[in-house]
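Here the chain labels run A, B, C and D in written order, and each chain numbers its own residues starting at 1.
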Amino acid sequence: MNVNSTVTESLQSAAATLLSEGKVGVVIGYGRDAGASISHPMFIRKPEDAERLVFDDCCFGNLAVYLPRDKVRSMGKIGIVVKGCDLRAINVLLREHVVKRDDLVLIGVPCTGQGDPLLHKCSVCEQHNPEGCDMVVGDPVEQPAIDATQRYKDAASLDDKSLEERWAFWSGQLSKCIRCYACRNVCPLCYCKRCITEKTIPQWIDTSAHLRGNVAWNVARAFHLTGRCVGCGECERACPMDIPLGAINQKMAQLMDEWYGFHSGLSPDEKAPFTTFKVDDPETGIL
Amino acid sequence: MITLTIDGQQVEVEPGKTILDAAKSLGKVIPTLCYHPAVPAAGACRICVVEVVAGDRPGLVPACAYPAKEGMDIQTQSDRVMQSRRMTLQLLLARSPGAEVIQDMARDHGITENPFPERAKQTGDKSEKCIMCGLCVRLCQQIIGASAICFDGRGPDRKVSTPYNNQSDVCLGCGACAFVCPTGAIDPADYSPSPIEKIPNEFNCGLDSRTPIHIPFPQAVPNKPLIDRDNCIRFKTGGCGACETICPAGAINYDMEDEFVEEEVGAIIAATGYEIMDPSIYEEYGYGRYPDVVTSLEFERMVSASGPTNGELTRPSNGEPPKTIVFLQCIGSRREVNGKPYCSNICCMYTAKHAILYKHKVHDGQAFVFFMDVRAAGKNYDQFVRRVVKEQIATYVRGRVSKVFARGDKLIVRGADTLSGTQVEIAADMVVLAAALVPSSGIRELSQKLRVGFDEHGFLLEAHPKLRPVDTNTAGVFLAGCCHSPKDIPESVAQAGAAASKALGLVCHTRLSREPTIGIVDESSCNGCFECEGVCAYGAISAKELKDKKGNTLATVANINQGLCQGCGACAATCRSKSIEVQGYRDDQLFAAINAINR
Amino acid sequence: MIQKAKNETTDPSEWQPRIVAFLCNWCSYAGADLAGMSRLAYPAAIKIVRVPCSGRVDPMFVIKSFEQGADLVLVSGCHPGDCHYTSGNYHARRKLLAFRELMTFFGIDPRRFKISWVSAAEGAKWSNLVKEITDEVKALGPFETYSEILTGETGP
Amino acid sequence: MRSTNVDEQTLYTAQAGWLKSAVDILQGAGVDVMAPVETEPGVVELATVKSSEAVTLDYQNVRLPLKRLFFPITEVVLEFKSQPEGDVDVQSEPLVSETEVVVLGARPCGVAALEALDKVFHWDYDDVRYSARRARTTLISFACTRPDAQCFCTSVGGSPHNTTQSDVLVYLEENGQALMQVCSDKGAKFIEQLRDVVKPAPAGTQPPAPPEVKEKFDPAKAKAWLDEHFESDFWTEVALKCLGCGACSYLCPTCHCFDIVDEANWQAGQRRRNWDCCSHPMFTRHASGHNPRPDQASRCRQRIMHKFKYFPERFGQVACVGCGRCVRACCVGQNLVSILTDIESKAKGGDKADVASTLN
């Protein structure tokens, strides 16, 4: 674990100031318990508790997942610690009217990447320095050049396989799914009051953890995130059965990129690919 | 205002007006030659001289250029004036013996002899018309702004020409010089390096030409002239503006722009009519190659009293009346390959009419009609065609024509007479093609705007071929006439009347009825992400705040306007939480339908 | 009588594919209707589900159809630009093509999911299209990839 | 929680290669053998094996809890089919096959969890499917040698060498030999089948001492606090961080909530029993829309209360075996242990302890 002490210190003082000045009701950040393997989400509501905040290279969680929650919103204006990647999720939430920008104070943290070795999403991250935040704690970090060919490498490695091989792979992976919905619940963009899998009139998706239900669920999940997923990778991290959900999201992000030049979450003003169209959109394979 | 007296009558004119203007306001005619109301006067030809008797320095002054002054007393017909005018005419006559307008004026002024030697004795050119008034030069310089023509040479050699006698691109080829020339002396082709392009008269199928400012066709509504911006000198170069100067009503306004007019309406009737297809794709008929092969629409204009020849039927090739005429039916219609498979519906009847019109114009002419079948299924229609056949107004030949080709100045029409089983050849002066009707160009764009379907030929689709032939599948949009299918006038009028009734029936109610199949939102599960709003083509989705009894906002959810929603269901497919259902196409209904494959 | 006619046209020994077709009300359904009115025959393997617009089709309908035993799913709408609802087919185009890629990525045979544009005037196109896709699905055989998972046997 | 006296049991020694023989012998006897198999890199699950080659012994624990063998993730309860005359044919067969199953290599904690499950599934009525699966299965546990930092079996009365509900507890030895402790008649039968490779241990042989697992909290103290704190801000605080993802419950060897669903079309269908989770809002939501556990706080409370208050009150034991799966699975760094230690420190410090500071 490598605590970034400069960022941590300015983060603590910024949070303390925001809270003592009453500009926010809560600061959502990261804390670390002794002996814990990850830094966990933390809700700071008193200025004196701000010293418990930390920023290190194990701040995996995407704190944006807490923004749609009633309990969190009832605390007042929310100060939230955001890495560049988290900001993309917040942009989607803003775009989809889940939160209002005025209700947020975005505390940006420059981030050179999480995990050791570096997470894949961090190795292709182009948002080391979050932009459009209300404040940025710590000095800007160098944004390394990104090898764009690596961005979709997990999807690409599966794309290289034959149809039969892919089905063999995915039917094996999806058979494992126990339908705990951890993937959904950790996703900052799966904020539906009633998930499609919970809709019973009619029943869209079989809730049983057999392959039929699992395929339907995972197809629906992937499709509902198409053009929205910002690639934070929380679903894959949360999956207790280690299903490579990130590869599916990558595949759809790659499509949106190739077809529409769209990258989700770069701005709150963008239009989601499935809410707009161009007359000359790609049209291959239509009879 | 200035008050003056002309021939004993008092008149008031605005300052800056000329004596000619003052005379005009009294209805007095003073002859002019070098004067044009749009061109600043020069007083060059001296034909308009009048005598100032009092109120200013007495003497002869040119009325076109001399300003009216307070207290002037003018004589326009005094001996001194007439003497001067006669001498002017004699001089002009000597110089320009070919000018008919001068000859006429001279005759009107009782001139029988000319004491002045004819210039033609030196030049040998008795056809000289130019009187060197310079109106054309002034016009080209001061009005058109092109300065493409000027005076050239001195003394007897002086003439109107181009600078340095070289034709130049500065000439726009507008032809205004020829238009204003009082004596008809100018052929603009002498000055323009490029051919003078006439503007074809669209209504007459381009058979004659029109001016840039024109009334589109007789009985146009409104029956007012319009300016064709693409051809108007004013819009092309910023020059001219003559029409504005001349128009007594001050109706010309060059600043007027085409504008989009937005009207909120309750119903739309599509009545965009038809065009006829270009028969030149069928080379065997020679349309476009032989001037005497014309379409039925061109023939219609040719025999019209308001047409290019004022109703006189002549061969376009040589102006002679066509003694033999052949009408060919079903050109492009009822043709599966390289044509339109449908019947154009109106050709049988108008061809019979054309045969009658032809006989009216050319009493001793002979008309032939090549036909496939005669389809005359309207009231009194068949009797009409029978009459043409029985009275031998036209000879009907059942069969197709394989070729039309020229031999001498005749067109040989070679075809089959399938009733006698023989090949026939007719040496015709004129061939008239009854080309197929097609929908107006732009119908596809229109159909997309109106959200109305169209068939493979572009005709708009009715809601039901038998039960709703006037409606379309889009509520509030109705069809009339040939945008729907080829129709004759009574049918079009009937459909238009039906469409109007339908439209009135729709808008005369205070409440609208709508289809029940519209979207509804489950407010308990709606996330309020408004992705549905993005896909709604009707702007039917808006935000609705759900409040508790105290007025606190609990949630903001989507709300579908029941009047605007058309029930397409794009929102339902987009909604991730499945909070929108389309009534009649609910998810459970569709799932039940999918389930039916197991039955 | 009807029963008899059925027996005559269907050889019970021959496997008959199940095709679910989602047709938009204004173009493709009308096109299929026109095929009928024009007496253009096409295979009876196709079962039509009428929807107001191709934009109404949630891609999960396709999965639902496979779950019910469809060997092929077709979604057909108006040609681009001709949508009765202006833009429904444009939205459908984006969604359905992306969905097909997703299917393909999972290894679910994309030949089992067809998209077409058939206008109200294209009765003949409809008839030919159904013939073609029926022939194709007959050549592909039953959708075993999916029928294997239909039984819903135990999970992990 | 050791319910049996070690002295009464018999210890056996198994010679090297006993595992291969065991698989072969059981296979020969028509028994379905399940054993730890590395299903993907770093992941070991119990799976049916045909030979011992597929078996791995290098594992800390299997990923999915043992309960799935008796209480499957999804199982058919009954099937129904419409008949031509409009009747519905209901078929509650087939039940569970009678094929004997021997599980080689379950961990003691997972097996011990069956004690809690047995009580639930035999409680007010006998769950026939669960019972049938239990009856046909012989559980040969492998003593735990590698407890990790997340393990806490000792805190809930367990041990790496817990014999509870095991038929045989096997102490693997480095040289391929093993010491076997028979715990039940089924275990004795298993030893009898392996008589060629297993011999009674010399007198005085003692099982090895279990590896150390740190005790992290005391369930009794926790219960005392829980008894008094159904209503407490503590639950709100716990729930703040909890995403309600359910991974902890699904991986828990003692969690046994289930959902009954009908999956049907017009022609036929199945009624199924599926794992469910009290952390999910849908779990308690009524058809009316009313939800007696309307927020994550009440759901988090239920999970803790059930394991450490209601279950002990009803069945005399906590519904936790300390396997540590929930600790490893939680992606927001919150889990039973952190909550229970917080509760314990609150119990010590009284109600006035600063909730936020202890939790966050």
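Everything that follows uses one rule, which is that contacts are C-beta pairs under 8 Å (C-beta built on N, C-alpha and C of every residue); 3 or more make two chains touch, one makes a residue touch a chain.
Computed from a predicted structure; not experimentally measured.
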| item | value |
| --- | --- |
| Pair with more cross-chain C-beta pairs in contact, given A-C and B-C | A-C |
| Most centrally placed chain, judged by C-alpha centres | C |
| Separation of subunit A from subunit C, taking each centre as the mean of its C-alpha atoms, in whole Å | 36 |
| Rounded Å distance, subunit B centre to subunit C centre (Cα mean) | 50 |
| Geometric centre distance via CA averages, subunit B-subunit A, whole Å | 64 |
| Chain centre separation (subunit A, subunit D; CA means) in Å | 32 |
| Residues of subunit D whose C-beta touches two or more other chains | 64, 73-74, 263, 265, 272 |
| Contacts with two or more other chains, residues of subunit A listed in rising order | 178, 196, 204, 206, 208-210, 213, 241, 274 |
| Residues within subunit B bordering two or more other chains | 524, 535, 574, 587, 591, 595, 598 |
| Touch list for subunit A against partner subunit C, complex | 155, 158-159, 163-171, 175-178, 196, 204-206, 208-216, 218-220, 222-223, 226-227, 241, 248, 251-252, 255-256, 259, 273-274, 277-279, 281-287 |
| Residues of subunit D defined as touching subunit A within the complex | 40, 43, 63-64, 73-74, 149, 236, 239-241, 243-247, 249-251, 259, 261, 263, 272, 274-275, 277, 280, 282, 295-297, 329, 331-334, 338, 356-357, 360 |
| In the complex with subunit B, residue positions of subunit D that touch it | 265-267, 289 |
| For the subunit C and subunit B complex, residues of the former touching the latter | 18, 20, 26-27, 30, 47, 49-53, 55-58, 61, 64-65, 68-70, 78, 81-88, 91-92, 95, 119-122 |
| Contact set on subunit A toward subunit D in their complex | 31, 33, 35-46, 49, 52, 60-61, 65, 70-72, 178-182, 184-186, 198, 203, 206-210, 213, 234, 237-238, 240-242 |
